[in-house]
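For reference, chains read A, B, C, D, E and F in written order, and residue numbers begin at 1 within each chain.
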């Protein structure tokens, strides 16, 4: 197949192919059951961020799912770098990629005889700058849905899998109230956890508060905030956080691979006490994050703002 | 593309195509999130069973997920019949099909702009007679895993979606103890619920007991047992069932689309009091089921038994 | 004190006085702790509705709270009738009253010595026709908040007390998303319960579904629906109801003393299948309710609709 | 209105008036719904204790409730001091005041049109020395009721509101068994939390144990114990505490604004191992507390002991 | 060993021996782990009551525990009758026996090699008439402890085992408040369940209410009440019952093998509305019970009342 | 009674007697209710290990149960030493004892009049070297059963009582799947707790993880691991641990009095990443434990390995 000049290349079961060729049978375990693990890092000014940490987490997910990718972590790393390099030229000057690894349990194992071969995909995608740029200007409107985060004894939130309906249904619930809103879910005990791919932090009396690593994915960006907070001398506490804490926060922000740190405008319509977007502590952390990755994170987004 | 004589045909986004052409982008919502609904009926001696009831349930799932299939129920029914008819000739004399409808939310909606077009697939697959035949001879070995069924406030078990990891992880947990075992999960309150695609019934003091329709999929085969039990004058009670009830059952069986009614040999190694496989009440129901569908259900499986 | 001609009269600790004189010390148990029971009926065309049933429920609340009102049920009934009669002349032709009894534990008992004397108030208030009229035209927009209904082992939802913060906070949460929305809360187990003074019914496959009387106030209007449904031959089932059931309902409505039966437009933005407002079953019940009370319930509201 | 010489003065919606004039309409949100926040400090030898800390907590409660008092924290402080000064002369030589701020959501907002004006009251009350004096001599008899503390996802225990029925019902339950008993409730998970206005501490192996700040009000006296414990080099641990821990404590005490630190005689009839009242660690803390506030706390109470 | 004339005889591992010889090694599974099942019926005027029903329940317990008694149900019945006959002569004219079967897993199986032989004991004991007589005169004072009934997913309350600490600790908790009190525990969800060997019934609006058979032992006396209620035309409902229901009951009573039906005086000090002991419905049932067993149940107890 | 030369001696209610004389009435509270506390230490090369720590824990259990043993801790210590000394000569050169104290509430207190006298037994038993030796060679196969650990509000897992059915039923459940398996139970919230007499540790990224002391017995061997880990500079964290953590552990081991530290081979069939038995961190701790007790712990077991 001819590769078009403006076409992204992905790794697919041993080959580097144009993305349009990365198609899977509808009998693949991930298509019919979401039975797969994945992970996603991003680049900053064309440099891949914490790829080792992401792959460590990815392999923990796979081990939890008991899926053998058939590739060592070193091989997966080399493939990831190769995929990025093959697509680098498609990026504009103020653009970066999401870079994802996905491994499924392979073709419909439980109906068929024999052993499935995992499906392995490594792919990249441009970050949605224009769409998310307003979030850096205005802050994210967080709504807490009625849907609760799946409990660990049903499926561990520490694993990053293709079973996303709990988070999708939660996000759709809040977007029905407000199309701009993002969901952050409570756990079974009424504590705030996480959103669809994002972790929550509050700033309260000069301290950072964030949910315990039990009902949430241990985000790499979240971990980066731990490190930046330590460097900046900002105390950070993992604890159970409820709506009382959220409504009394001085500032709040979400972290995710793509956003890094993005200020929260409101939680259930309640605005943090420090009404600046971002608040002063959030700004210190975001600035430090930008220095760490040598990229003006918010600036990069805001350049794509459509007035 | 040429259709091979021995190749199954499926409906795929408006067309009838060979199955090998039913391939989806890895960015499809079902591949990356299990974000889809589905339903599955089967045929008996080449007649489709309760297609309307299955489609009613299918559209309830879609409505819960807020996915518009772009097809009316009547259209989906016509397509389902057409798919079956196009594949009928591939069946041997003692064979029947699973017949499934699947609708996904379409391509990666939450990262992209615009609105996704749902992916629609209707397909059939030969029932795994040889693999399951021993179950009718020996009964199913049920093990109750430590994993609990996802609670309704996280994702409703009444919906039949492509998010199967909770049930898959449970099934893998028990198969690690005993490769022949099937999982039946407890709910958050310690009551027995369902397995991967199967409902549980106990026979106790001449009554049928089955979990309430709240933590379980309302199975069509389960519903058929309700009707048969009424015809046969066997009382049936929906109630919370725990391990005490299970260990004291006189008989037990699972129902599913493919199995209809299949006797349980043991639950956590405990054998029902009536040790016949099937027990007398189970046999009456299975016989009545066979009469209803005009097909010797167990007999069809047992013909494929490999000594 | 002179009673003005247009001034409502209330019963207050043994006397009939103008409402402006019904003032309580800030040390009253209800002011500082919400430590009181109450009940509310309404009139239809100037006739009091089911006063005995309301007073029975009121005295169950008081007995739960262990508050002795110092008045027999018969005395409370006589006072209630008297209060209504003294205020009847203030009603316009298309107006009716809420009529409420309230008994508090009296003055700050736990800090002071001695025994408190209960505060007893019986009062009426014009129904908010104009404000609620659009609900009969458009239906109520129900949103399910993240806040859960107080569980019975903390404080029984069957008692009608002056501790309303759980329901108020829930209602404020959803009104922050949509000022017209009404909250219907989940219980600790993820089942739908009730709203601030309202009970929920779904219509599904020709049956009425409503939550079990355990996490909800046993509404008198709800009870009236039971009676009307029996008269009309509409099956009614008390059961655990989750969001799957709600999103798949054919119709939905709320009941309350003032509303009697008011159609629901949407639940979390999802519209019932029968999109008429009211749906056909709701309409049959509402019509029967109107006949029972000899008052065009919706019509009375709609007369007050502004432009 | 003439102010009598022996009459207390309170602040009420902008004015300083005799307490008997602080009367509110029965339609006030706090009367009919307990819809209000409050806080209470006390004086020691006529000096107000930690007024800033109490007002900080008060404003956190108001922010959670989304009630705007219409007064800045500085204004509230000035009013509080003024109220105390206007009542100081009424205190005897061994007496001090409770000093409370209360803000309600105002008049029945949800039935009426328009916006409610909050009701603001600042008032003081003599401490109940005679009634509580025996507690310092004998210790408090704690009973754990069957009623559980309202969970945070129904209403946050961190907020100090006028919804007191959960705690009142618990306290009445234990007083029905023993009129001298005080309730300390379990949370939904079986851990000890708090009583009606009091926090619990255990002394165990030389360490102080107290429940985590999640199911309890973060008491200012509790916080003071933290500071005193640090000064005295007594380790303090926040953790989940169950009946096993309570029955095995060496000492136990309650803290509250009025009591500061008061020894516990027994929990469910079980006496701490160190049977002195107070135990040695409790005594060290109580002595340190007395030094901090320059007032013999227990001594002041015991002076009022009626033989 | 010589049998004394006034000595009770018991069955012990195959022999009928004087009770003083029924001694077990401290390594018996029941001594070191409570690892045993049992059941207890009683006699009425020297006739054994519902022995078959008790043995059916006993064998369900044993099957749950997976203990094989080494005796058929018919053998156990014959032994039970024999034990009673051998001790019949020791009864006074107004006396009857408890008659119990106990089977343990035998000697310390999990530390030792090989297979344990179960310990089998059938024994009788005079009913404690004098001690319990006041209960028929005064009613039972029920207190609801803070301790919750063990949930079914930890150990099924439907099994009657020698693991009694949950109920013993609950009973001791309430007896510390009031030595005459009996405990009735809540389950994990705040519903009333059962006491130490007793089931609870409420009479409310002419109906009998009793907890669902899930968190409680299915009492044979409870079952007898079901039958008597049906005979007498008294409606009976199994449902979740909370403190609101209990405090609003018209009457309440406990059932147990020895008590049959015994009126409740109060629940947490709250007296039922019908203050007679027994109340009218309770009396009808107790009279019918007495007729059924041809024995004046309460009368027999009251004859032993001291002074 | 003559004492045979090869017969063990035990302390029984004031006397030192041959074990065969330590027989209890079947009416003893521990036989009919498991109503007793106990504790067990062991010897290493004939030296008793941490007897004081074990007796401290024993007396906490008794205090929780409210059983007065009638002996001071010093007396119990002297008796324990005496029992060991009287049986020391029966040990082979590579053998050691379990040494246990047991106190029951005495004879059937709740049916009889008067006060029970506790039954006191101190006894020893040879460690089951041959049976457990393979565990040190192969590692323990842990299976997580469906049964959940009894929650603290039903009966505190911190107390070591004779109510063992929850753990026995769990152990039997997993042994039905695999006769060599040991159960480690989840708590009510889906976190791993403990097994029948054993605590769980994971090694993850060089840190030790173990469940919080709340749903588990605070093991003395577990405490010893804390001390050894501190000495060796291995970080240790108490936290909620779920299956994700377990499946991703680098190593895992159980601790118990007899095993001290024994490597885990697999959890639900999943093998730790460091596949050596024992893993390197486990080995360091086990070696340090051996040095502490001056006894080659694993070596002593492995000497008894058959074939």
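We adopt the following convention: a contact is a pair of C-beta atoms (placed from the backbone, for glycine too) under 8 Å apart; a residue touches a chain by one contact, two chains touch by 3 or more.
Quick caveat, the model's predicted, so the values are computed rather than measured.
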Intersection of contact sets, chain B vs chain F, gives A, E
Whole-angstrom distance, CA centroid of chain B to CA centroid of chain D, is 58
Chain centre separation in whole Å, for chain F relative to chain D (CA means): 44
Mind pulling the residue numbers of chain B that touch at least two other chains? 66, 146-148, 151, 153, 186, 188-190, 243, 270
Topology of the chain contact graph, where touching chains are joined (line, ring, star, complete, other): other
Mind giving me all the chain pairs that touch? A-B, A-C, A-D, A-F, B-C, B-E, B-F, C-D, C-E, D-E, D-F, E-F
Using the touch definition from the top, list the residues of chain E that touch chain C in their complex. 186, 189-191, 239-240, 242-245, 247-248, 270, 273
Interface residues, chain B side, partner chain C - complex: 60, 63-64, 66, 151-153, 156, 158-159, 188-189, 212, 214
Chain E-touching residues of chain F, taken from the complex the two chains share: 10, 20, 22-26, 28, 30-35, 38, 65-66, 102, 104, 110-113, 121, 123, 125, 128, 131, 146-151, 153-155, 161-166, 168-169, 171-172, 188, 196
Residue numbers of chain F touching chain B in their complex, please. 143-148, 173-174, 176-178, 181, 186, 190, 243, 268-270
